[in-house]
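As written, the chains take the letters A, B, C and D, and residue 1 is the first residue of each chain.
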Amino acid sequence: MKMKVAVVGATGIAGQQFLATLADHPLFEVTALAASGRSAGKPYIEALKDKNGSIGWWCEGMPSRDFQGMVVQDASRLEAADFSIVFTAIESDAARELEPKYAKTTPVISTASAFRMEQDVPLLIPGVNSGHAALLERQRKERGWKGFVVPIPNCTTTGLAVSLKPLQDAFGLERVLMTSMQAISGAGRNGGVLGLDITENVIPYIPGEEEKVQQETQKILGAFEGDHVHPTHFPVSATCTRVAVLDGHTEAVYLSTSRRASVEEAAEVLRGFDGGLSGLHSAPERMIRVTDDPFRPQPRRDREIDGGMCTVVGRLREDSALDNGLKYVLLSHNTKMGAAKGAVLVAELLHKEGQIR
Amino acid sequence: MKMKVAVVGATGIAGQQFLATLADHPLFEVTALAASGRSAGKPYIEALKDKNGSIGWWCEGMPSRDFQGMVVQDASRLEAADFSIVFTAIESDAARELEPKYAKTTPVISTASAFRMEQDVPLLIPGVNSGHAALLERQRKERGWKGFVVPIPNCTTTGLAVSLKPLQDAFGLERVLMTSMQAISGAGRNGGVLGLDITENVIPYIPGEEEKVQQETQKILGAFEGDHVHPTHFPVSATCTRVAVLDGHTEAVYLSTSRRASVEEAAEVLRGFDGGLSGLHSAPERMIRVTDDPFRPQPRRDREIDGGMCTVVGRLREDSALDNGLKYVLLSHNTKMGAAKGAVLVAELLHKEGQIR
Amino acid sequence: MKMKVAVVGATGIAGQQFLATLADHPLFEVTALAASGRSAGKPYIEALKDKNGSIGWWCEGMPSRDFQGMVVQDASRLEAADFSIVFTAIESDAARELEPKYAKTTPVISTASAFRMEQDVPLLIPGVNSGHAALLERQRKERGWKGFVVPIPNCTTTGLAVSLKPLQDAFGLERVLMTSMQAISGAGRNGGVLGLDITENVIPYIPGEEEKVQQETQKILGAFEGDHVHPTHFPVSATCTRVAVLDGHTEAVYLSTSRRASVEEAAEVLRGFDGGLSGLHSAPERMIRVTDDPFRPQPRRDREIDGGMCTVVGRLREDSALDNGLKYVLLSHNTKMGAAKGAVLVAELLHKEGQIR
Amino acid sequence: MKMKVAVVGATGIAGQQFLATLADHPLFEVTALAASGRSAGKPYIEALKDKNGSIGWWCEGMPSRDFQGMVVQDASRLEAADFSIVFTAIESDAARELEPKYAKTTPVISTASAFRMEQDVPLLIPGVNSGHAALLERQRKERGWKGFVVPIPNCTTTGLAVSLKPLQDAFGLERVLMTSMQAISGAGRNGGVLGLDITENVIPYIPGEEEKVQQETQKILGAFEGDHVHPTHFPVSATCTRVAVLDGHTEAVYLSTSRRASVEEAAEVLRGFDGGLSGLHSAPERMIRVTDDPFRPQPRRDREIDGGMCTVVGRLREDSALDNGLKYVLLSHNTKMGAAKGAVLVAELLHKEGQIR
């Protein structure tokens, strides 16, 4: 018997990615789709149509037949208690309102940023800071919820934090500087990046993104002690840009380690990183893959490795401008590991750890 | 009476940019075009044609009528003594062979990398290190030449060095880390980047580029003392990537200043930078323009400012990961300021300073 | 003394193109800018700013200083009588309401489609059907207006009609089939094409476009007799697609002529086409340029010829599938000749012919 | 026991596509890889490396482990008699020399154009003109070969011919006019389309392509009588352009049927087209899929349907400019159905029909 789950924000692009991931999932069965009032009451396939009758389904192929006829519910009236998990893919404002309602009875796994920086909310990347899940006890107690809210990080944070984790553990980190070249899918379709803006161009600013990357990385890599997560002492500084790539965020990273590490030692540590996720359905075969091909990683060619759940690291080399400096380029799939599929992996982890039943 | 100049490598894309720049130039008149033996003997317009009769002219419009009928000479037989300047736009191997021959009698201004790092060769960016031209006396004497060779820097170095110069002068620099997002025109057409490789993609490696940026920047910003240029003590570290942009290199810069500088102070210094180039025909109205629009600079929208000769700096802000840290994004036109037009500006400077007569 | 003109819809992309065209115009001086109530009351430069302070000016450089401080008026309250011309760049619904109000007192030149197919409204392309301006007398009389409304055609119609006109005159036309590859600027910024949709893609449908091209071409090339324009007897069939090009519509045309014409005869007729526009400020040097280079026209390389006002025809050859068949590829700049600059050319023509005083 | 096959031209992009298709094929086992002398003698994975050590494998993931260590043979010395089939993916000049040598003993299935228009050579699209295989008897007899050469058509011909076949059968055809928007993968990597040429552009000419499409379509859809294929009486006219798409050729088709057909009748005929390929491993589930979504087919979103082996037809509508006119837009995957995978499908068909043993 699979667990019943609901997907809220099911008509949006992130919600569709939840459905693509959850079709035929061995643990979870989607038994409800919810969205804003505008879509409520329509069969899902109808809710996806625009005025020209064109179906706005942005994942591969078509939505599973199981979902096509399912009637979309109004998110504000969803009976969360009927589900083992509510996955939410909604804007931050809506999340702030709806997620606490659902969490009264039910675990909520969210792609929204609304609760990421709250003191009693773990910001989970399975395999990186799985232990932060212990914060959920505090969250439940303080808020008086039976369920909880676990957000996943910003898609640009994820690959960075994954790649930093084994280096932090092995050598310590003193400072991290990162420049991203982000895919346009990160901006979504609603108010998304115009072709007129991004074609043959680079846009050197993504509002709010750099602050998120900086704070979230420090929280994710911070130590859990007592019932607190202490952000890392080392600073993280980011420059986030947008390039004409569909999927896959590329990040050029510079960092100082606490103890000097050679390129070979760092490569070995990255290659050896094992998040302890074996057995989880959506987990990558390897958390990190290190390539020696100097022309890789490339977003178009490498983003689908391990089902888009792996962080690919290349161009690992010494950096001469920082003390104990290393530099590398990483690639992380922003709409798989960095979004819905990453959120499903969180659910699989929490299920394994008994937080979801 | 204008000075007679020759353009060597005239059929290539960089050579064409020389011709586009030199058409109707107030000081210089192109009286000879030279290229490899394959093109020699043909009228210029014929030398540009491929087997389908398609004219491979890659600048705007068509080549000036003055050039169309000019018969292309064999570069290896060019009588350099007939010209006041030889501008070269050739591969490094060819440059190593031909430029010393020309320099016996004639000043050579080159876009090739062959001689950039030689001890007696200044690597000039007018307005940034004009004083390094004093090295030419040593070059002439040591090599026994009447002329000389002056290369311009790699196109990725130029904008970086321009933006660093006023900060170095005002506050001192301790370290510089840069990630570039470079235009495909930088790779030229001969062995250039394939559409299959760059469309919807980022290529995180450009062979040799990072080393050039690091070494050249240190040389350009180094002090001229006695008859030597001493590279800067501060290190420069680069990650150079290629993106789907036609022209204009975008660079995300992080740096530590020696004396703490606020964002406002740094902006003032950048805005106030005056290279002393007024009166030079190809000089930009301003060496540096600082924009407050957080979404700028963008290569497609900003590369043509001041005829492609200006460095546009945006997103200037404090950097929390470095001591006295600042970060910004710059844009420099790689095939104008960073190539032929920049080389013509060097010629204008050397003419003004009496090095070219 | 220049004529005073107003630009309505001045903050949109088409309105901006009017301002770029009219800055320093020898005949017309923009003395009022109007837009929707949301922008009204703000200095123009402020009205262009978004919430991040980024200036949404999409033409080259910056708006003329003359316009930057001009306070934007509410389009619904514009006193049209104060101007010699009102140029409108607004949506069709707004045009249907506002343009008749302005036309009571003042000539209106419009980029909107609202009135294009009305019986008493000429659809003017200067040089192609200048004579249709005679319809204005009927329009004034029937509607009781002192002014009039003259729309320009859809941007995809314009290049097609220009290229057909001399062939129609010389040989007669029996049928026309056209497939377009249209630039994304044609869709504007408001509800414009997303980068996620057009990157590495072709979209084979543009709602309403094919019908417009078919009907408008037949009207433009139709005969003016008495006080009617009779649409051409020959049919026009179009397939309109969108490609990842910023500006410039490419169209592959197949046609049957009434009298057999060789490729050479057709080329001569196209080359010789003189629209009688000499003396008009915005007119191209040539209405049509015919290229022998089989790889041209290309939108990126050829769209700016003659200031974007010329139709470039290439690949002219016999067509074996139609009787008296010819085929060719044309390029027309959709946001210059096909939009505001084309509308200004209409105004120049009507001024010369005494319809605007 | 699988049949042993060789792939010639195995290091090129089309050869790689053969390997990707043939890995784990139920009937065929690749036991030899051949290429030019330059690659001969190297393990396959080494032969793919460039001077930077970067592996030039352009299909998904990595080559099958079975192939990585296989030593590449010199194509000019391949012992064809050792194989049941030789698949060739080589340039036309090489094909003209090598394929007759292989065919003396062995069936050759080729992506090259060298023999396509020979009188005794069938140009096969399984399901469209399977019966033309009967020509092989004549070919064997006339040339004195034990094997034969069967080329597949040009990738632009394939989708067109597939879509025309059921319409020809049901209604007859009088004329066909087609404009293509072709992917850059069609030009390959060797002398392929430069990013500088195709980015933000359309190139309106592909040398030789239009003639191939016209002649090949007439041959494929021609009648086999006695021992001849008679090309169709109806003419085919093409305009072939290149757009910034990676894979998937989009074609806008106009045609006249002999008997009038409504849009509904034509759609039904297209939908009902059954090539009789059931049971063939590489065959699509449906030869043709007809979409009602006016915005489809789109190359990026639809090219992978049915493993890239299906022709997707959309925008089917009446055409007013031709007698009994219909028009539609089709999409065909140029490097799957239009190349190696299509060639493997030919081999599967010929095996089923007993031509290959």
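Everything that follows uses one rule, which is that contacts are C-beta pairs under 8 Å (C-beta built on N, C-alpha and C of every residue); 3 or more make two chains touch, one makes a residue touch a chain.
These numbers come from a predicted model, not from an experiment.
Chemist: I want to compare two interfaces, A-C and C-D. Which one has more contacting C-beta pairs?
Modeler: If we tally the C-beta pairs in contact for A-C and C-D, the bigger total goes to C-D.
Chemist: What's the farthest chain from chain D if centres are computed as the mean of the Cα atoms?
Modeler: B
Chemist: Report the inter-chain centroid distance for chain C and chain D in whole angstrom, where each centroid is the mean of the CA atoms.
Modeler: Chain centres of chain C and chain D, defined by C-alpha means, are spaced 42 Å apart.
Chemist: Counting in whole Å, what is the centre-to-centre distance of chain A and chain C, each centre being its mean C-alpha position?
Modeler: For chain A versus chain C, the centre distance works out to 47 Å.
Chemist: Could you list the positions in chain D whose residues touch two or more of the other chains?
Modeler: As it turns out, chain D has residues touching two or more other chains at 52, 199-200, 207, 244, 246, 294-296.
Chemist: Using the touch rule from the top, collect the residues of chain D that touch chain B in their complex.
Modeler: Touch list, chain D to chain B: 52, 58, 184-185, 189, 192-200, 207, 244, 246.
Chemist: For the complex, which residues does chain C have touching chain B?
Modeler: 52-55, 60-61, 199-200, 292-296, 304-305
Chemist: Please give the residue numbers of chain C that touch chain D in the complex, ascending.
Modeler: 175-177, 179, 181, 199-205, 207, 214, 235-237, 239, 241, 243-246, 250, 252, 254, 294-301, 314-315, 319-322, 325, 327, 329
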